[in-house]
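Chain IDs A, B, C and D follow the sequence of writing; residue 1 opens each chain.
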């Protein structure tokens, strides 16, 4: 066996023909949602001009705020190739915890309520995270289990008790409805959550590591990323944000029982998926997830305004999810094609 | 090589075998401890309650073993039920409606299959979408109304028992289907393909297995069986409603995973799944008889689900630790 | 060929109609085991109802039990009925989630000697012994129309925010309500929409929101359900519509006190839900003691509520609803 | 070459390490030092335990017994992060990229350069990636996602990743398996630079020419045990092989002469947009036709399209005159074609399934009785073929993923040979296979051809191509550019065709 030597050309034949705007294609997703939103709003507004009244916009934004906060948490988890189906139950638990605390201590400031909500949610998130990490159990299964378990705990605790608006302190209810500089508090909180999460995921090491983990868990381990710690952290974030959402829920709706947020998980996952967060991790942004939440909320509102049989609403949400992932697929196929072409030697 | 354990022993140590053993134990204990549990009538109730879940769990096992999932089954059940009620209201004969509903189920399954295999979309996302879509359509078809006046001959057969004994008539289709599904999964080339496709889709393709086609038909079967479950459900409660079976997909997935099927595909057995279904139903039944509240049932279901997946991992680690100690 | 809808009139169940003779003078049994199976556990309204049942059973020295699902579905109720049969209860008090779906099981219960008292929401009439009706359908429908007209000032657009579209009670009331509107004195009232909040707080909230966007000239929202009225009142009280759009319907005083006080709501009506459970328990024990069998015209005593007579189809009507307003609301606590 | 003084403390030392997986003792009491300024080769047959040692050094596995010493101090790596922190960079045998992230981010993952407020510095990342690629003499767009990179490009990104870590110890586990000669040369010159700057290098390869070219010291392993560690100059290649295998080897490439029969396979005008174009060739019974060419020239894609696992845009494939349905491996199999794919982990085997299921997977239909697979039909079939190929395993019911690389390859071969194909396509049949097994595989191919099977072999190893083929088809950039008969085939003629005009200079 002897070495086969050939005179080497200066560079290999692999070549880069032109700068390729992948970014453009990836952003197409968010642009698509924005377009769909504009079309929907425009159409609804022509049918009923009150759809664009200040009150109506406020209602939509308030509705979006809760869903968006949940969707940001969900996106964080989904990016790591996990999923958190327990968010609805965590929301319920947190809402009820905060509600009963406020019921007992009328003077409790809103910020304390928020902290309590975050703490309850974070605790639930850590439970999920630990089970996923140390049990080596798929997140889908773990959070399906804790979906039942947390909800059961909420029922156990509430035991049929409902906390009504008149039992909650006025300042807390006001927090749910009032604004600062024209922006409702809830919306402000949602925007802050969105911006902070967006920046961390895009511009910080911790955020990039989450994408890496979702893209290839084994490779992440080999790259020296603390996969376990990050997984727990992602679930903690999702739980904590579900806790925040619980507080917002309590403030917005004023009536809290153990069923608060029942079935939310589906909407939240839908918002993230519609917003372009890949179910198998590694790609997607919280902006997309937020836009997804907005789109779902607007659809709900415009169906009511357009006087479309409300039964259609769920069907439309379903169709929309299919449409969104279908469109995503098309974009992906295009990207793959152009990558391949660029790579080829023909 | 010190590992001289015979094959059957290591098989016994696997989770699905453990679930079967646990299920039998729970049944025995419940019969002894829980008042009225052992009565033949309760046995009938127990079987009737677990039937729809068991039925849908059969194709779901296949789907999950191929590494996919079908969360739309309960909505397919609901839509089938709604359509059944609507057609009945329009005066169609039940003998026509039932086959139509089965076809509808298959078509709904085919739509899932199309999205998953032709468009190559992740099944989790697709079936979350169709979960909402089919349930929504069910409400569009029937609104929140209920259709109740199905013919006695059919409803009483579905709720009836064989020769007025403890065994419900409905167990017949379940047993037949369970045997068919079990044989296909564990003793036919199709079953081999299902496992191969689940464990490595690419390798299965290189071995000449038409993975996409296989999955497509699995979704069709899943829809078909969900449709059948919809028909049986409607007849059992003599009530066609859009919200029939709401949320049942979670119970089905929970039972399948409890039965030792890997959510990542490629692993699982049908007897294990059936044991999982029975175990969940038995626990619920026995705890209810003991006046344990619904919320506790929820917690039990959730915790059991987690344990079912957690325990095998712990056992593996424990064994590895033991062996390490033995070698050093 | 084949079996169509026209061939069969009803499925129901075996309709184990009791043929036993009632003995109005029979002694009231002690230790009657009665289980309450409301539509859904942990629903505040149901809780008040069954609370009344507990009071009554304490008075009667019976055994009270409460079971039920967390989701308001008929199939879960069936599982519970089966469990109750196994536990050999004497009486089941049920608020049916679906009048027909629970039927076969109820009949199984009855053929094992269990008496069935439907309350709040009826089961098909051939699968229960008696039904405790909170009020006559006419009474409530008329009351709702009267309040709506008053609050709308006799003319203008009004909308209904109901529970689910197949809720038996609500639909019957809405039907009467619509008939009332054809009367000349309500000629200027226009019912523009019946919306459904599914008895879900949040959904009702959003539906109220949608109503106001779709119908800017709305004068009043009538919500014949306690969840709906509270959600609508809460939305209005925190929105710019406060004072312009009236909310009325059926609600509990505790829920509505805040909105009565802040002026969002002027008046609303309801029966006392605790009395329903109370009456159901008395009827159940009377059935178990053989004092009544559910036939029209039979009478029985219901503790503090006095004597009741069974009406047509085994219905027992609780009485007329009470109207609550700022002047009387503080006298009630439920 | 600089030869370190033996007395110096090694940068990294492996001392008496042992590692078992279940009942398998993958590594048993192996010791060797890695010195600064020295490239150290680790050789051994498949499954000898080389990658297992790499993974212990990388902190992926923890040794059961024994110690690792860095600068003479014992260390314990509980995760790859610890090993990284100790200055050890690893190129793993299997590429470990993040497909969704850009190439540049893949390179810096885990140690992103940062700017104000701790934010990552995208400009610096780009600059670093470009600098590394310049050093390696390749041009890959740092801004593209890693998804869709060819295996060779992936391996290059891996190399860039390892280089970017500025490591004191660079461990390379078969980095060259997928690379063409040119890239190997580049890699070696970079590696030599690093070595001369004082880094320690550990290099694993099954190609002895590479080992002798780069390394100064060699450790030989057999069956998980340490055989010897010597200066490279003290050993001949033959001696290395003898120590690895534990016996003398017969000649490699035992090509039997066969008179080709009639044409069995005819491929005409096969095209696939962006991959290959207008490929036509014929193969006769008893003939071994080799596809040569640089990595990425489209050989695997052509044979995959012929077999039908890949779609094709145009062209026909005829087997014994009958046209094959495009895109249907099933039709190809029914007609008597078999493909042993390039990537056995992803394509060749279902790793989680048992050995017997893997062997009989394509034939389970034929083995079924009345549609059912009862009785030991599958087991008997699997036993027959694994014995024939002398596969080493514990139990037939063990997952095939527990076998060593070479034995896995035998299972793949068993799987397809059991079908008794009339056309056998083998794609890189000996990639990552040790010399002993390699000879067996070659003997097998040769005897199959002698039995009248038409064999198509895709290979990147020139000696293998020259030794085995009756005819060589050379591909370049998606086309067949030359057809060279056995007598005319030489290293020069094949490489000249493969590299095109550029190589003439």
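Just so it is clear, contacts are C-beta pairs under 8 Å (C-beta built on N, C-alpha and C of every residue); 3 or more make two chains touch, one makes a residue touch a chain.
Keep in mind it's a predicted model, so treat the numbers as computed, not measured.
*Asks:* Which is the least count of steps on a path of touching chains running from subunit C to subunit D?
*Replies:* Between subunit C and subunit D, the shortest chain-hopping route counts 2.
*Asks:* Could you let me know which interface, A-C or A-D, is made of more C-beta pairs in contact?
*Replies:* Of A-D and A-C, it is A-D that has more C-beta pairs in contact.
*Asks:* How many angstrom between the C-alpha centroids of subunit C and subunit A?
*Replies:* Their C-alpha centroids are separated by 39 Å.
*Asks:* Counting in whole Å, what is the centre-to-centre distance of subunit B and subunit D, each centre being its mean C-alpha position?
*Replies:* Roughly 43 Å, centre to centre.
*Asks:* What whole-Å value do you get for the distance between subunit B and subunit C if each is reduced to the mean of its CA atoms?
*Replies:* Centre separation, subunit B to subunit C: 36 Å.
*Asks:* Which subunit A residues touch at least two other chains?
*Replies:* In subunit A, 155, 258, 278 touch at least two other chains.
*Asks:* At least two other chains touched by the same residue of subunit C: list those residues.
*Replies:* 41, 70, 196 - these are the residues of subunit C that touch more than one other chain.
*Asks:* What positions in subunit B touch 2 or more of the other chains?
*Replies:* 143, 293-295, 298
*Asks:* Can you give me every chain pair that touches, using the contact definition above?
*Replies:* Pairwise, the chains that meet the contact rule are A-B, A-C, A-D, B-C, B-D.
*Asks:* What residues on subunit C touch subunit B, complex-wise?
*Replies:* 1-12, 41, 65, 67-71, 73-75, 78-80, 82-83, 85-88, 98-101, 103-104, 124, 164-167, 196, 198
*Asks:* Over in the complex, which subunit D residues touch subunit B? Could you list them?
*Replies:* Per the stated touch rule, the residues are 20, 22-23, 64-65, 309, 328-330, 332-333, 339, 341, 346-353, 357, 360-362, 364-365, 367-368, 371-374, 394-395, 397, 415.
*Asks:* Any idea which subunit B residues touch subunit A in the complex?
*Replies:* 115, 119-122, 124-126, 128-137, 139-140, 143, 242, 250, 253-254, 257, 263-264, 293-299, 301-306, 309-310, 313-314
*Asks:* Quick one: which bits of subunit A touch subunit C in the complex? Just the residue numbers, please.
*Replies:* 48, 50-51, 53, 55-56, 59, 63, 155, 158-162, 164-166, 173, 176-177, 253-255, 257-259, 300-301, 304-305, 307, 310
*Asks:* Which bits of subunit B are touching subunit D when the two form their complex?
*Replies:* For this pair, the touching residues of subunit B are 1-3, 7, 183, 187-189, 191-193, 195-196, 199-200, 202-210, 266-267, 320, 323-324, 327-328.
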